[in-house]
């Protein structure tokens, strides 16, 4: 499928997470350790918010493999950001083209996804029809992930993010089951409005792709006093990843099955993700 | 907009039309003389039938400009074909990606288009909904041209080509007008099943993009006895082009406004194109 | 050939010059008015210095046309810079690939070029042999422009920029003439170390490609008090361009034939460019 | 490094070897089993001779991964050839660009390589200087492999292929050793003039990358009478591969260390490869 990461905290250069860690996202593009596919070479993307502007994220997306893209290397070394999403793609069948690269953007919102809507070709028309006609022209590519985003927007993402994603999933599952698909959806998702960041882990079969988040920075600093990287970032800094970037005992905790996390100023939150509840 | 050509006749190398003429399609990619845009650098495509197989066309499409593509140059010099379509694109807004490059293919059929559905973002949803749900998953890109093709297929292209294209146009025009678009459609189109080739010239405003066809080869041979190229091809060979490939008096005739032409074994045909008739 | 611009002054978003002016560089990529070629679609590049760091320029270069590159559009709207070079390429024969896109970089230096070394294939070996063996491995592409850069570095660009470029040109001219080339070199060049910016206009035949620089900002402000853009930038801001970005009488002056200009903190300078002097 | 294959025999569609076998070259691009790198996603290339013309090979080379290239898939299904070379690249540092993709071509000759000249940046200048000045302008990219090809051409490839490759290797080894490189060269190479095909396996350390050739077709037919693929091709058909395309006991034999093979009409030949002999 794919690999991704989301960062929220003190502004850092993108390269701190994309290139420098032992199992950086770029390393994962060549040999992911926990993914269904070891190679994630079907395009990539980064979406970031400027240091002082949470309303207008910038996108940089490419169709080649991330590991050999000179422009990504250049930008990662010069762009600082307090909030960014990055994604490396392993296509599940849709074409390798920029409009199919994550993250997707709508206004100030970004969205990225690892997983798949199963038998997407079969259910796609029904799903697309349910997208708000006013949002429909904003669908630029052909992935299941982008349709999921626009369904979530249709179902209220901008007002009630968790509930909207639950409604989207419930809708996708009911559509899939009407077409005889046993386990219609597999997903880890990150989405943000530039201020708060939500991460979701869910699958119809209750056996979701891996997802981890970084633990409390102050605890980590006490455990690893010699690691200077941990001192430079604020206590509120958090990273969410498909798979750990370094092997550092205690540094990463799995997001539980059928759960979501919310990273924000002040106390973060975690909750049960229950598509059927409404 | 775009420029295109269609060839039917004795097998020739693609380069005979793509590169060798004075105003070849490649030359037109840099400086078209009759187009709305002088530069057609937003991708290109060629679809060709093998010498002995009218049922399985091959596509070669690229996202860069045709004029600098080394692979196109190589293939054009080595692939012979008795029937091929070639297209250079000037995007009217949709992304430059392979799935938006012409020709489009469905089974043994190819389709290409110059022009536009005006205010396509506004009417797209309504048009796409009218595509046969069984054909819907075959739409891979985001152009108006590909939607027109799938609407024509929905309306019977494989059985009654001219009538199906008329129905498609009538449908696009009625959808556009419901949304207040005065002149919903501008088009020259070529389509083929590998045996017969249809070319259409039409626009809602009755002022369509240029389209020419090559005149009778035997007449040309009498007029230009010194031109060896004319002797190598059969009497039935025909070329249809957005703009003439060479300045050769008498060699090209405009396809009349609101008309279609049919090139086939035996007598060719031309007729009035009347979207409202059925 | 190509088109380029160089900016030095108050930090501005790249888009202020790349996209917003009437005859912006992006507009020139589709229809240059003063160039040998109207289309400059064989790749592009931007090199910029960060707001606080004149020592580590970032490069973003692409092989498609600038006019359709979504990433360039995104970056231009989010990257501010006090000093940047931008280039759109019309190849004179060498392949369209990122390593042939301008600007070229060596350490803190950037270099870009419009023009050509005539009969480059004939003289290339002799020129490349003259490059300092320690610099030789840094040549990544196959253009005449990059070889000119490395010859200038070899001849002292980092210490005596004007003299080094004069030596480079004298060397290229003598090599060309040894091979019977009447007018070996045609060039406008910009180069910078992140603090000072040099622009050169020269050709062996004394008939060089166009090059303009923006006049004194305070004068312009008096002439055009209603133009708010002119008030936002400092008095020292300067732009050098292949062709004017807007039609604003008095705003642009041609760099004289066989001359160079130096833009720096404090008084700028202009001088005669005389390859044979040393 | 890279993976490659060479085919000589009855004309077949490229897809028969590129896509259809269990461990096809395309499969190897995602997960090679015997290579140094499991992923070979840094571009690809195919060079083929037409069914009736051994003098003018056609090249198709791309910079994306082979596994997701729609044009390669299309061509492989429609181009038949009696003699072709195919290569998937894992860069050892030089840029991912078409001019660095194998095979390389000079006149009727094709050349491809797996391996590396160690410390190539250090010895490159010395090697390039030894290339015949008349051949020098034909070097279009920046790889060690292309320099090896032009050195072999300089040393007589067209007249004495084996001896020329031996001289090239001896030269590369002496240059490397002058610069203190212990094991200067690692290579498997295939080269052809459109009629005969040579394959080489050699490394300075005597521990070369894997290379296999298909055994006698008549023997295989007797062993595997149910395998229809084996009946369609002539007795003279041979395949040389970096790693076996299928697991078929007895079907593949390793090319011995420090050896070369010659495939031609009539009896094939194998010999010792001895760079120091002349």
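Note that the chains are named A, B, C and D in the order they appear, and that numbering of residues resets to 1 at the start of each chain.
Going forward, contacts are C-beta pairs under 8 Å (C-beta built on N, C-alpha and C of every residue); 3 or more make two chains touch, one makes a residue touch a chain.
Here the structure is a predicted model, which is why all the values come from computation and not from measurement.
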Numbering shared by both copies at the chain D-chain C contact, with half separating same from different: same
Rigid-body rotation angle, chain C and chain A, from Cα fit (steps of 5°): 180
Where chain A and chain B are represented by their mean Cα positions, the distance between them in whole Å: 41
Set of chain B residues in contact with two or more other chains: 70, 95, 98
For the chain B and chain C complex, residues of the former touching the latter: 30-31, 37-39, 41-42, 63-65, 67-68, 70, 91, 95-96
Interfacial residue positions of chain B with respect to chain A in the complex: 95, 97-99, 121-122, 124-125, 128-129, 133, 136-137, 140-142
Touching residues (chain side chain D, partner chain B) in the complex: 50, 56, 58-62, 70-71, 74-75, 77-79, 98
